[in-house]
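All chains are identified by letter, namely A, B, C and D, in their written order; residue positions are counted from 1 within each chain.
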Amino acid sequence: MSRNNFPTAIIRIHCPDQRGIVARVTDFIDRNQGNVVALDQHTDKEDNRFFMRVEWELEGFGLTREQIEPAFQHAIAAPCNMAWSLNFSDQIPRMAIFVSKMSHCLYDLMARYQSNELNVQIPVIISNHKSLEDVARQFGIDFVHIPITAETKKDQEKRQLDVLKEYRIDFVVLARYMQVLSAEFVAGYPEKIINIHHSFLPAFAGAKPYHAAHARGVKIIGATSHYVTSDLDAGPIIDQDIARISHHDSIPMLIQKGKDIEKIVLSRAVKAHIDRKTLVYHNRTIIFD
Amino acid sequence: MSRNNFPTAIIRIHCPDQRGIVARVTDFIDRNQGNVVALDQHTDKEDNRFFMRVEWELEGFGLTREQIEPAFQHAIAAPCNMAWSLNFSDQIPRMAIFVSKMSHCLYDLMARYQSNELNVQIPVIISNHKSLEDVARQFGIDFVHIPITAETKKDQEKRQLDVLKEYRIDFVVLARYMQVLSAEFVAGYPEKIINIHHSFLPAFAGAKPYHAAHARGVKIIGATSHYVTSDLDAGPIIDQDIARISHHDSIPMLIQKGKDIEKIVLSRAVKAHIDRKTLVYHNRTIIFD
Amino acid sequence: MSRNNFPTAIIRIHCPDQRGIVARVTDFIDRNQGNVVALDQHTDKEDNRFFMRVEWELEGFGLTREQIEPAFQHAIAAPCNMAWSLNFSDQIPRMAIFVSKMSHCLYDLMARYQSNELNVQIPVIISNHKSLEDVARQFGIDFVHIPITAETKKDQEKRQLDVLKEYRIDFVVLARYMQVLSAEFVAGYPEKIINIHHSFLPAFAGAKPYHAAHARGVKIIGATSHYVTSDLDAGPIIDQDIARISHHDSIPMLIQKGKDIEKIVLSRAVKAHIDRKTLVYHNRTIIFD
Amino acid sequence: MSRNNFPTAIIRIHCPDQRGIVARVTDFIDRNQGNVVALDQHTDKEDNRFFMRVEWELEGFGLTREQIEPAFQHAIAAPCNMAWSLNFSDQIPRMAIFVSKMSHCLYDLMARYQSNELNVQIPVIISNHKSLEDVARQFGIDFVHIPITAETKKDQEKRQLDVLKEYRIDFVVLARYMQVLSAEFVAGYPEKIINIHHSFLPAFAGAKPYHAAHARGVKIIGATSHYVTSDLDAGPIIDQDIARISHHDSIPMLIQKGKDIEKIVLSRAVKAHIDRKTLVYHNRTIIFD
């Protein structure tokens, strides 16, 4: 959003690094009387790759929304061999939350949602347990219980996908959802499923990371939010944070301290995604300012 | 420096916010075949002010170093009402260090200097005590002893200024220098004197901040690097950092723990200044990426 | 609580430093077959003052709950000139929350309460506005609306006190309550009112600290939880934390980023208080492990 | 050291958890007129193991230094089945530093040593390269050059051991020493070799951790100090710390940012070891206050 809360257009770009890209992109906006409200760029010198996010006010812009895509593709993106996307700030994405039994991340997201911290719609919560149905009801969100066993997993994922379609979901947040999604499920939502893993990845991937951290005797624990790929806990990292611990911290205390990091890190990742500030390239993220 | 270690030109700008500035500036560079290696911009919506730093390779650039200033002034800066500066990355600034008796910041700067972390020349260390003369000698830097008393201060500051001129000093770092510089001295080096204050400013300005922090019972201590102005400890902040403490920490322990923060925060500020990444506006800093 | 969830006794002590205190206290427990589950001590060498917290299992202890106080007072506390308190871990304290319009701290406390992170009873929320009545209802907590104006303040504080009595409240948490309590009110709850202030105290005490932080151009913001005294924002600090910011952060962004620190810092202080891990001496806190 | 800088005795203990240990130990000191200046204890409930460090002034103590060990062993340690050690604060340990080519950790240790931050003697620096000979000379420390190749390693380790014996070295600090010590070498100095590893262990053990961190796209880097065991980078962790990074940070920038964490983390570990505040049990450390 711009300072006047006028809707904005957001373009995210990556392309081979080359002379003059910023000039071309900003000139395109300027020629059409667009007022840039945010611009961030990055050059990866090892990959020789250029990345950019630019956001400008639609108010007074010389092209209609429909004209922007073909005009930019023709004038800038095609000649520069860009991969790019266009969004508008008043397109509010629709998000589903998957949970199991732990409530802390769900409560955190709900509280932010209800107080309008997140520019998103959350029509549905899906869970393999009934434990958090009451929380969903508290906040007036639909709750769909889809239990999962090894035998039923394939069929139940189909039910999950049906729910996502029914609610026209754009992206999914796994808020301590304790099931591994199948590769097929993940393939349908590339860079659209955000997980919170309760360790400082790549340390302690997989199950029971706090137990593993305790056994190793680390002095700092962490949490990692990442886009889900078919490789477990190996997708592109969006954000991480840590907490200092000591020998006094038993496993239950690690779990407790970890909750506060998990919910902060997950919410930051969700916010960056909603605000179209993330870009994935070669399994790493660019997080624009 | 660019990826190839070719010299670069660096322009820092601020001006009234207006449409198309990034396009104009980048177009100016692009038209002259310049390759941008870094670009960072910021709009302060409250002040309606635009800030930008752009760095491009001089190799292959269509203007000579001498031509850049008048060309940019005429084509861009004057029409946009810009305050701006131009530097070249191979202009190595000359830095003087002022110290008193504490060695930790001096050692830290010396170690970075000797291992080429800092793109700077340090020809001289000035002190009101002889305590650190040996450190200067260890690192082969000239040491000038200028003792100061209330009576001699005015004259001795004149001697200090003579030394700065003699060594052609561009900027001064106060590495726990325990004398207050006069307003006249400071006026001669605007945004060119960097101090480290051993508290989390604006808390505990003035003398003995660790004693004050202990008395107040804070749970976190800090350090602040800032440009020196005629207002004591009130100049524009460049960087800050903190350390967690507890009731176990006596004043000597605070002093000890604080040293590690002080030296890190001071060195980060010095590096940002050397790399022309700082910009001061209305007693606040923009620190470019 | 002990490892077996047997109830424990907790003694907090301060007294003039002297030889043999730990031996005396632990011998008292040992002679009565008590099993120590936690012990933390601190000597303030400047004040020549000794502080200690010890917790032991009541199961199998040779004295009844009623006998502990007189026995310890006679054998240990009186001869050593101790100020001390005795609590039992199964005495669940009763806490009231005061709020105004901002919901983030309230939601955070509610979520922790509902998921049993806090060993406390929260029977009532008091507010000078109706904004958060729905949140109270969501979590099934009584909500009492007591509007306050300059004229009505004295009377309304009396109503607040009546509510505290009616609900048998042991301590009060000000979760971004935007009214200043009178000295009389505070005097009735010494070291029993916990506030969260949205700055890194003592910097930016008083109103609008994020505005002040922005004006000063700090690079780090903070939050401070403290016991309320009659001096505004000057009571003993329980916990603090910080977040790094940059020139990009406008005042609304500081307010937003600050919320996450505020709720974490407040909840840590509340938990320390509930677990009887705090001790106040000379306007500073000892926070036991 | 005590408040009066009188020498102190330090006992570190671990034993099966049992009722009354603190009482016994403190009573032993008290009966002999000892004044406790620090006491820290920990119970590991999972391992049912008790840990304790206690420090008391020797001035006025009823036993001579020589009498303490047999008296404590007989009265306390044997009946409680303790593993324990006794040290005196005026026994200054002798430390050797191993380096290769990078100077930052060496400079940091030297600066702390020269300014008396560390209660230690450093008579010798050993290196497989000559690069840092000048730094040793700057600080007046003996420098022994022992080059190492795959073929000569066995013999050269023998030379290293000879140097350690000649200089009567108590413990060794690997300050970015880029050779792996043999299991035989390590076996001779159990819990007496401290390494700094330039990652957040257990992530990125082994060679080139910053390259690995960059490839994985982490948002935080770290450093880990640990006691060296025969398992590479798997010894008990003494301390860790981290720094936040972004997509802007190339590998050289990670290396640069990492240096500041490495030197802080290494120096904290060295200080804890010198002050006899570490205790290793089952490949994890207790770090006493």
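General remarks:
Assume a contact is a pair of C-beta atoms (placed from the backbone, for glycine too) under 8 Å apart; a residue touches a chain by one contact, two chains touch by 3 or more.
The shown structure was predicted, so the numbers you read here are calculated from the model rather than taken from an experiment.
Contact with both chain A and chain D is made by B, C.
Relative to chain C, the most remote chain by averaged C-alpha coordinates is B.
In terms of C-beta pairs in contact, the better-connected of the chain pairs A-C and B-C is B-C.
If each chain is reduced to the centroid of its CA atoms, chain A and chain C end up 36 Å from each other. Inter-chain spacing, taken between the CA centroids of chain B and chain C, is 41 Å.
Among the residues of chain D, those in touch with two or more other chains are 45, 248. Contact residues on chain A toward chain C in their complex (touch as defined above): 103-104, 107-108, 110-111, 114-115, 117, 138-139, 248, 256, 259-260, 264, 267, 289. Only residues 42, 44-46, 51, 200-204, 216-220, 222, 236-242, 246-248, 250-251, 283-287 of chain B touch chain C when the two sit together in their complex. On the side of chain C, the complex with chain D involves touching residues 3, 19-20, 22-24, 26-27, 29-30, 33-41, 43, 45, 244.
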